[in-house]
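What follows is a pair of complexes built around chain A, which joins chain B in one and chain C in the other.
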Partner chain A sequence: MRTKMATPSPAGPRTWLPGTLMVVPAVVLAAFVVIGGMVTALAQSLGLFPLVGPPSLTVAAYGAHAADLPVGIALSLAIATVSTVVACVVGFSAALIIVQGKWCGKLVAALGTLTIPVPHIVGAASISLLLADSGLLARLFNNGGQWPELVGGPWWIGVVAEYGWKESAFVALVVTGTLATRAVSYDETAALLGAGRLRRLRHILIPLSLPALTVSATIVFVYSLGSYEVAWLLGRAYPEPLPVMALRLFNAATLTSRPEAAAVAILTTVLSMAAVAASLAYLRRSALWR
Partner chain B sequence: MALTLPPEFSTPLSWPDQPGNGLRTSQGITRVLRIMLALALALWFLLPLVPLVLWAFADRWSFPAVLPQAWGWEGARAALAQGAIPAFGHSLLLGLLVSAIATPLGVLAARALAYHRVLFAPAVNVMLFAPLALPAFVAALGLNVLLLRLHVPPFAGVVLLLTVYALPYTSYVMRVAYGAHDLAVEEEARLLGASPWQVMWRVQLPLLAPALARAAFLAFLVGWSDYVITVLVGGGTIVTVPLLVAGAAAGTGNDATVALLSAAALLPPLVLLLGVGLLGRRPSGKPTAKSMNGNLP
Partner chain C sequence: MIPGVSVEGLSKSFPGTRTPVLDNVNLTVEAGTCTALLGPSGAGKSTLLRAISGLETPDVGRVLVGGQDMAEVLPERRGMAMVQQRPLLFPHLNVLDNIAFAGTVRGVPKKAARADAAAFLELVQLEGFGRRPVTALSGGQAQRVAIARALAARPAVLLLDEPFSALDPELRAAMHELLAQLRRSVNPTVLLVTHDRSEAAAVAEKIALFSGGRMLQHDSVERMYSRPATLETSRLMGGANEIPGIVRDGYHHSVLGVLQLPGDTRQPPGPGVLLVRQESIEVGARNGIGILATVTGLRTLGPRRQISLDVAGALMLAEVPWGRALAPGDAVALSIPTSVLAVVAAPETARTFPDVGEEPQITGQGRNALASIEN
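And then the complex of A and B:
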């Protein structure tokens, strides 16, 4: 397709100039925020960018919460992992129903699309009104004050439920986007050749949606790892996931807490980048990419 | 990342019919199971929004009661008293500004990557997608001090960060659209005597309108939904709807206010979503246009 398209500018010594100028505004802004954000966070965590006083290089901020950091890392990874699994399982099932069409497919597609514009803080507030000990479900299944501690409890059910709910719609629509274009014809061919429902799922629908599923799972994982407001509203005071810990330290009154907040932020970034790198390596190795 | 958004979506109730010839239809017990799974999924997506609707107009709803005991406007009154109207104004302004900046930047970058030679194109691609990998709170926390020292006004700083977090979506949506867009149509219009300006307004814009609407809508959502960047970079001076919801939800006893604010926060994006769907369904109205819009699902 691209070979048919004539490039607007004739071949010459500086054909790269118009195209490069067109990407400059977007790239400059993105670089300022992404690279600038990481560099300033790193500098703050190392004491090079203090709010007041002279800068001095130190790694003290990384050791200040040596006991809490491993707990926070484990908790953040656990919440992100479970949320991603829930979102992928529910989202993939929803995508299968949607590509089947019919009224049930349309219903699931419509309700899934409705959850897309819900801000996460609104989703968290709704989950709280649904799952808390005075929430709608506790009223519906009133069993004499024996309602489990879903919101603010030890198992972080409310937080996982919010991520799982909202991100399953995201996964469903991303996977539907790739399945709808190709999967139907392959699926029909296989059905014509006598493949049963499970074999078609295993040999056609899952392989075809695996790239989209991997990409969306990575996005969900990185998002739920680095997101603040849901865990803050639906979680408990201790232990804290990394973003909640970082923002508490950032807003604390003491001057030493800013570098500590930045250190937690840098740790979150490292985990997040590692997840993205692992996912890209997997996509490349398994030749799923393109 | 500030928000996860699917680049391709259709407006509710207008998902295209799948071509079917009965080969893939289920029968008997599998059909029942499939319908039950569909209903369970529908309930999964809908259930969390139910308490919002019930609580929004509940004046009194003490614990064991399954339904509110007294309906009224107490939640609305409290929400207005907490400054709901200026907060809506701020949120709308933020969403519209982010959309107005991130969409043209995404269009420019996508068009350049699709049709022009770009220096360091792989690095440009990485940079445009990089905001997806960096948690929003890290960028906000890091840049906060720098923006203060550079004397960037808080509102401008918030718009800057949110624009960057919207760029992956706008540039990706437009990249897919330009991939399916045929430059020959533009050349033909030029050949028939159209000026570059006319080509842009009467050829390029109508053909790309559905994708443009989708990109603009996704960018609007990034600005409309944000919490953490507004808190950290805004420094408490910019109160948006998500901040009001968070403030009310963190307290106790104001469930009606929380529900009303939350339900109200859903209305503008839902209206826009329906509008985007209508625009996407009518690709410039000409019979040939549909075949050119290969990017639509």
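And then the complex of A and C:
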């Protein structure tokens, strides 16, 4: 007679419990804010939480600015995409310098660390003081009033510069954290297998950094897409990026524009979630992430 | 043509250290041979390997490969490959693409590089593993892939930095055999860093022994064991028996009696310490011919036993196989062939080791006997 024995779980029956319990408070709080906020905004955009009058299910708020929304979406996506690319290129380059461990790497790490705690609104004010046509650089390189429209111009350069500067420091520190523990040993191994600097960058350092770069790029993209203050301070009055439009509608004297503000916010959230979903789908295909 | 490697007067210090990590190292490794860099941790072996590969810049001295000075040559252009204790397989590439890496970065078309890699995968007996992710390999398999990857780069010089130290004994023996097989088919010049004497003897033709950043001796494996140049070398090679005495006319006079020295002994007449490997002493019955001794202790060393002996006041160790009943207090006769004897300078020239006594072990009776010989 054979005795059937229970196979013990490799992790033990209750080893997951303490860890789960420890994250519960943070998860509950985050879920309350995120899910609660989204449900409220969704309900308000669908006319279920009107400031005046009876609730009535309608999608009218989504069509109220049908002419402006496509431009707003395109502009928001463009600002977020360009800012993310700039932040990633600058941040990754900074990370490569930092992991070399030389004096310039320490200097770049210090500059990056100092940049992180500066609030975006202070950063936006600084960029304005630096790049505007009445700013420091324009005065320093006085060229007879020919200073380009970097702030409030058609190319939103001031906005991209602010996001690129601030977020590149974030990308640099995240990628440095990933590369610091293994980049040097893999880099040396690749060098001894005959790979020159550029080959090592292409075949080793970029692939090794890609998961961290993807995660930080997604965070930068979603942040640049959803935050209003930099675009509001450094951008043009029209066309408006989505978060600036949502803020204007939310603060408008017309009480009926609250659902329209909520509709714009929901659209922004959908775009952000699509970006996160695409990013996770890409990461799942990556051998390093698995 | 496979080049040899020479190191001339190489010294290296790191900031914050008082003593140099490498101190005036001179070493010549002949083309196509394997030399083990042996020594305790912190002896400077790995730093020497990194200096040879170009990953460290020496403070003084130079590295020559095939007679060419490597000072201005980047690591990627030195024609070397290194396998370290950790396999360091690139985690974003599968097994085959790891091995094909050197070909890929040389600009070989991917298909051709992979076909070449498949041949090396077969050489390390891992055919069929090519499409696996490197995370799906065991430690031994990963190390085999690392060796295949290094060999696929067609290195003229293969640098092995304790590549087998994390493997279990059976796997290590298999890897030693694999390395011997690979050397027969590819034949690069090999430098192997290890702190394991058995591994050095199993894999290399020559051993370069390091301690405190200095190279103590570079010689064939047999001579490193049988003809250590100093007490320090003898102790690092595991030698246990040091008998003080006097060298006169090709003979060593000590408490063991008068023993004829091998013809290649270079020790000048005068005080000298006789070195006898514990594995070379034959322990027989008291009624046999030999040096009389008394067993003072027994210790099991796996398939062999270590016997502590009192030989006219000198405390010695011998290793014998199982099979003969021995107990403390037994009287035995020792037989020591002349060819296994070596003599080195007196102990005051030896460096101090924390776990080994400075003076050879000797009892009061032995000391009196030695005094009578010196007089």
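Keep this in mind: the second predicted complex is superposed on the first by the 264 of 290 C-alpha atoms of A that agree within 3 Å, B and C clash if a C-alpha of one lies under 4 Å from a C-alpha of the other, contacts with A are read in each partner's own complex, and residues count from 1 in each chain.
Please note the rule applied: a residue touches a chain if its C-beta (ideal position, glycine included) is under 8 Å from a C-beta of that chain, and two chains touch if they have at least 3 such contacts.
Here the structure is a predicted model, which means the values were calculated and not measured.
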Touched partner set for A:Ala125, first chain B, second chain C, both or neither: first
Contact breadth on chain A, by residue count: chain C or chain B: B
Partner chain in contact with A:Val23 - chain B first, chain C second, else both or neither: first
Partner chain in contact with A:Gly196 - chain B first, chain C second, else both or neither: second
Which superposed partner A:Gln100 touches (first chain B, second chain C, both, neither): first
Partner chain(s) touched by A:Leu140 [first = chain B, second = chain C, both, neither]: first
Partner chain in contact with A:Glu188 - chain B first, chain C second, else both or neither: both
Touching partner for A:Glu229 - first (chain B), second (chain C), both, neither: first
Touching partner for A:Phe221 - first (chain B), second (chain C), both, neither: neither
Partner chain(s) touched by A:Phe92 [first = chain B, second = chain C, both, neither]: neither
Footprint overlap on chain A, comparing chain B with chain C: 188, 191-192
Contacting residues of chain A [partner chain C, same complex]: 185-186, 188-196, 199, 203-204, 207-208, 210, 286-288, 290
Chain A residues touching chain B - in the complex, by the definition given at the top: 1-2, 4-9, 15-16, 18-20, 22-23, 25-27, 29-34, 36-42, 44, 49, 51, 90, 93-94, 97-101, 104-130, 134-136, 139-140, 142, 162, 165-170, 173-174, 176-177, 180-181, 184, 187-188, 191-192, 197, 219-220, 222-223, 225-229, 233, 243, 246-247, 250, 261-262, 265-266, 268-269, 272-273, 276
Chain A contact footprint on chain B (complex, rising order): 1, 3-13, 15-21, 23-24, 26, 30, 34-35, 37-39, 41-42, 44-52, 54-55, 63-66, 105-106, 108-109, 111-119, 124, 127-128, 130-143, 145-146, 160-161, 163-165, 167, 171, 179, 182-184, 187, 221, 224-228, 232, 241-242, 245-246, 248-250, 255, 258-259, 262, 265-266, 269-270, 272-273, 297
Touching residues on chain C, where the partner in the complex is chain A: 53, 55, 74-78, 80-82, 84, 86, 88, 90-94, 101-102, 104-106, 133, 135, 149-150, 153, 159
